[in-house]
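Here come two complexes built around chain A, the first alongside chain B, the second alongside chain C.
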Partner chain A sequence: MDLFLQTLLNGLLQSGIYALVASGLALAVGVVGIVNFAHGEFLMLGAFMAWAASAFLGIDPLLSLPIVAVAVFGVGALTYRVSIRHVLLAPELNQMLLTFGLGILLQNLALMLLGGNTRTVTTPYQASSLNIGELSIGGPKAIAFGLAVVVLGALYFTLYRTVLGRQMRAVAQNRRGAQLIGIPVDRVYLIAFGVSCGLAAVAGVLVSVLLFASPTVGLVFALKAFAIIVMAGLGNLTGVLWASVILGLSEALVQTYVPGGGGWSDAVFFLMIFGTLVIRSFRKAA
Partner chain B sequence: MGTPASKRQAARKPDITGVALVPLAIFFLLALAFPFLPLGDLGAFLLQIGFFTLVAGIMALSWDILARSGQVSLAHAAFYGLGAYGYALLLKTGLVWSLAMPLAALGAGVVSLLVGAVTMRLSGMYFAIATLAFTEVVRTIIQNLPEDVAGGANGLLVPALLGGNSRGQYLLALLLLALTASVSLAVRTGRLHHAFAAIRQGEETARVLGVSTVRYKLAAFFISSFLAALAGVLYAGKTFFISPLDTFSLANSIAPLTTSIFGGLYTTLGPILGATVLRIAEEALHNVVKNGYLVVYGLVLMLSILWLPRGLMGLFRRGRHGGDL
Partner chain C sequence: MKTLLLTGVLLAVSGAGAVKVGVLIPLSGAGSVSGQAAKNGYELALDEINKAGGVLGKPLEVVYGDDASAPAKAVPEFVKLVTVDKVDFMAGGVSSAVSVALSGPAKQYNTFMAWIGAAATPVEDAFADHKYFFHYHPWSYYNFEAILGFFKTLKDKQGAKNIAIAYEDGPFGSAGIDATVDAFKKAGFNVVLTEKFKTGSGNFGPLVSKAKAAKPDIMYWVGYDTDALPLATEIKQQNLKLGLIYGTPPSWPVGFEKNPLANDIAGLSLWLPTSPNKESAAFVAAYKKKFNNVTEEYFAPLAYVNLKSLAAAINKAGSVDKDKVAAELARINMPTPFGPLTFSKSLKTQYQGFKAGNWLHFQFLNDTRVPVYPANFSQKPVVWGK
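Moving on, here comes the complex of A and B:
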């Protein structure tokens, strides 16, 4: 029974990071209408920035987190300006392949400059753990989950309670209509894409503490984020949260209860994509 | 209403003129002559580059055939790998290579139908995401299968194709590229062309016009995967060793789509031309850029989409009307 509860707890904690990555992706898909295949690379960028700040300047990742988030917001906004903006009206194929190309570029640039090794960030609280009854939680995991909840709270507050958030949702619903009532659509796109990248970077900082920073670390998270937004429905911002929890929990369950589960849990996200698509295509056909 | 008969005739008429066929014929003649040139000491090395250029051409062109129906596949590596593994496993059962080759390709094609049946009823975005995930999962499965089935993470040894005769291997690859090009031309001139173009330009509209979109998209996916698997068989037979990490590498999905866009989307000559240029550039640059060579592919892909959306072919036919040829 304890094993079961511990498994559920681990899955829940893991889902915090998934939700961060996926909500950023959902923002890009929902508001800007771009499936950003380079999303994982912005996560990787955040992870490496946190690692660099820690390794060279001795700044704790939790302190560098806001700076990293703002810096990657800037990178995202710049990316929007120089590339994404020019394909907004182009065929879907061009849009997807542009971000895919960007992802390949960033990933391999990192590989070229930094090599394929993984870099870990060491923190004083790394080995700490929290005990509740029979259950134990790793300190960094708990901190990461808490931060994810705070950042997601701020995101959803912005989306549903502020003018900017209302503008974003208006643009997401109807680009032309939003333009007609005087919403600066281009600016909203820029901010939404920047925030989307910033969210990935926050997740990246947490990943650098929990796991490591490496050129390919982004791809895994991006794939899982894709699974989550597919399950939630492309561009659906609220569905992302529960879909993240479902992915986190199912992965934890597979890891604990399936023999040799470590390898197979990496395939869970695909079952989710496939299952969702099967259900959805049948519902559509009916 | 009442479409004039002449207009319908015009739409049916193959719009590949001799102009487009001549450069293609020249390419194949040059490629055919290549292994018989007196290349001296470098001969074996050049022949190998030539072989992999042809394989890259098959991959790019087969990706392009699918793209014509508006589908972005990020799973070309999966079908390439399924071809390679299918071939290796069929040979292990004692089948002759000439049967194992088409059967492996057929197997990959059947898998593509299964994946496509689920993903192709929804918007193209779902398809792109699902194919990217599919590649990762096929690799995970092959890695996690017991080692005596498919070699696990260590990979499999494959008997050399045609007993290791490199000129023969080259000519076989050329033959398969010619097959791919003929399929591409057949699609381009036939009924499929209009169906694919209609779906690409507006799926809803195409459906209203009576095009059974899912069936045509599945046909495109099947053809494309079948040909990609043939390229995988060539690869397996040439390198006589396959491992999940190399065979299902994302690079094998990236290269064909970049090549095809760089060369010229929706054309037959474009992807072949793109493969030739990019493969030669890759060999030339390999000593300069060692780690992360794919950076070049990422850059070429982005720059092509932003500034050269019609690729190399666009440079030659700037004056001609019809961006979507």
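Moving on, here comes the complex of A and C:
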């Protein structure tokens, strides 16, 4: 029984980091309408910035988190101005190729400037945990889960209770209509894309504490974020948390109870994408 | 203008005929720590070789290629080095998966391979019939022989009985895992858990939960540097009580030794800067002079020995004829930081350099790697956690 409960806890805690990564991606898809294949690389930027702040300035990654988020928001906004903005009306394939290329560019820049080494940070709370009987709740993962809930709550509040949120929803529904009633569409897109990148960086900071920083660290999380937003429905922010929890729990259950499950766990998200798309197409046909 | 042209012609003439060695190593990707350590070793060896007169009377040339620890990138890079850069010999090679993929083109171009890494047995199978394949790193069964020897000592002295095995699901971790389990059982151990994981995923929660239920004395993990900290963190968070965490990554993360979570974790190395032999001390001094630091990665001296021995064999052969160089390299008996380098048969290949006797076991203690076994290298006794 302890093993089962610990497995559920492991899955739940893992889902926090997935939700953080996926929330930014869902914002980019939902508001800007662009599938950002470079999302994992913005996460990587956040991880490296947190590592650099810790290694060179001695700043704890959690303290550097707001600065890193703002800095990567800036990088995202600049990326939007320089590149994304010009392909918004282009065919989807062009948009995907652009973001894919951006991802490769950022990854290779990191390789050239920082090398391919794995970098780790040291914090006093890295291995902290709360033990209840035989069950253990890892500190940094619990922080990630809490942050994911707060971030998604804040995003939900912004989208449904603020002027900017109304503008974002209007732009997402009908770009031309929103423009006609005087909404600064370009500015809304810029903010949404920047925030999406900033959220990836927040996840990156936590990844640097939980795992490591390296030029390729973002890829695996970006792939899982794609699975989550497909499950939640493209651009559906409210569905991101439950989709992340389902993914985290499924992976943990497969890892614990399927023989050789550690090797299968990364196939879980592909199965989920497949299953979701098949069920949706059956529903549509019905 | 005439002077410029003349200088150009002279430079071209002086470069013509220089021996070229292609070095294919992972400068990025999962094995990049080893690859970058190896690059430093090659640079140091190249300096020394060229200062001593070069190879066949001309400065030796090294052309680097990044295999990115990925077969899909390694194969075109290898073909480019052999066909476009027209290197005379190939050196390098860290990843087993990459090396297996290279066996086809290596045979197609009949390439001379002086290979430093790639310990998995599928590589040995792939190159068994290649007559120009010189393998420096011990094969995985030699590594395991050394590990089993250490664990048997822990069984006798600490009462270690139960082993949990966590291995990455690529060729590096998976090759020979059944034989590993059998060998542990034959040596009187209980293998209480055998679990695979995806390297780089960092998701060790379920694996550690299962290990906790199995109550092992030793956690033996076979993976890469990216797995070291996430696994150590999860073990600590879930309060898994172990006598020893023992890992065999080709390299450890940069700065891992400074992290308190690294304390007492044990590993395997062919060499440490404290290795008590004359060549090791000379290598450490030369490395420090060139790079202003000291490396603990054994791929640095391994690459150094690789290029120095290859250059010596070419000079002795007096030409770049592959058969003549192979004959000279096969005869080599060279003092190195690891002990003497000689080539003899392994289970399947003709030319195997270092074997089980070259390994030493260390623990991360007080921010550094301290040799703890075998007795002739040991500086401190093993710290046993139970």
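The definition used in the following text is that the second predicted complex is superposed on the first by the 284 of 286 C-alpha atoms of A that agree within 3 Å, B and C clash if a C-alpha of one lies under 4 Å from a C-alpha of the other, contacts with A are read in each partner's own complex, and residues count from 1 in each chain.
Heads up, the rule we're going with is that a residue touches a chain if its C-beta (ideal position, glycine included) is under 8 Å from a C-beta of that chain, and two chains touch if they have at least 3 such contacts.
A quick note: this is a predicted structure, and the numbers were derived from the prediction, not measured.
Have a look at where A:116 lands relative to chain B and chain C in the superposition and call it first, second, both or neither.
The answer is both, since A:116 touches chain B and chain C.
Have a look at where A:168 lands relative to chain B and chain C in the superposition and call it first, second, both or neither.
The answer is neither, since A:168 touches no partner chain.
Between chain B (first) and chain C (second), which does A:195 come into contact with in this model arrangement: first, second, both, or neither?
neither
Have a look at where A:251 lands relative to chain B and chain C in the superposition and call it first, second, both or neither.
A:251: touches chain C, not chain B.
Name the contact category of A:10: first (chain B only), second (chain C only), both, or neither.
After superposing on A, A:10 lies in contact with chain C but is clear of chain B.
For A:129, using the defined touch cut-off, is the partner it touches chain B, chain C, both, or neither? Pick first, second, both or neither.
second
Just chain B (first), just chain C (second), both, or neither: which does A:266 touch?
both
Just to be sure I read the superposition right, which of the two partners does A:83 touch: chain B = first, chain C = second, or both, or neither?
So A:83 only meets chain B here.
Which chain A residues contact chain B in one complex and chain C in the other?
111, 115-116, 215, 260, 263, 266
Using the touch rule from the top, collect the residues of chain C that touch chain A in their complex.
26-29, 32-33, 35-36, 68, 166, 169, 195-198, 200-203, 205-207, 209-210, 212-213, 225-226, 229-230, 232-234, 236-239, 253-256, 258-261
Over in the complex, which chain A residues touch chain B? Could you list them?
29, 35, 37, 83, 86-87, 90-94, 96-98, 100-112, 115-116, 215, 219, 223, 226-227, 230, 234, 260, 263-264, 266-267, 269-270, 273-274, 277-278, 280-281, 284-285
Give the list of chain A residues in touch with chain C in this complex.
Answer in residue numbers: 2-3, 6-7, 10-11, 13-14, 55, 111, 115-120, 122, 126-129, 131, 136, 138-141, 207, 210-212, 214-217, 220, 251-252, 255-256, 260-263, 265-266.
Considering the complex alone, what residue numbers of chain B touch chain A?
So the residues of chain B in touch with chain A come to 67, 70, 72, 74, 118-119, 121-126, 128-130, 132-134, 136-137, 140-141, 143-144, 200, 250, 254, 257-258, 261, 289, 291-295, 297-302, 305-306, 309.
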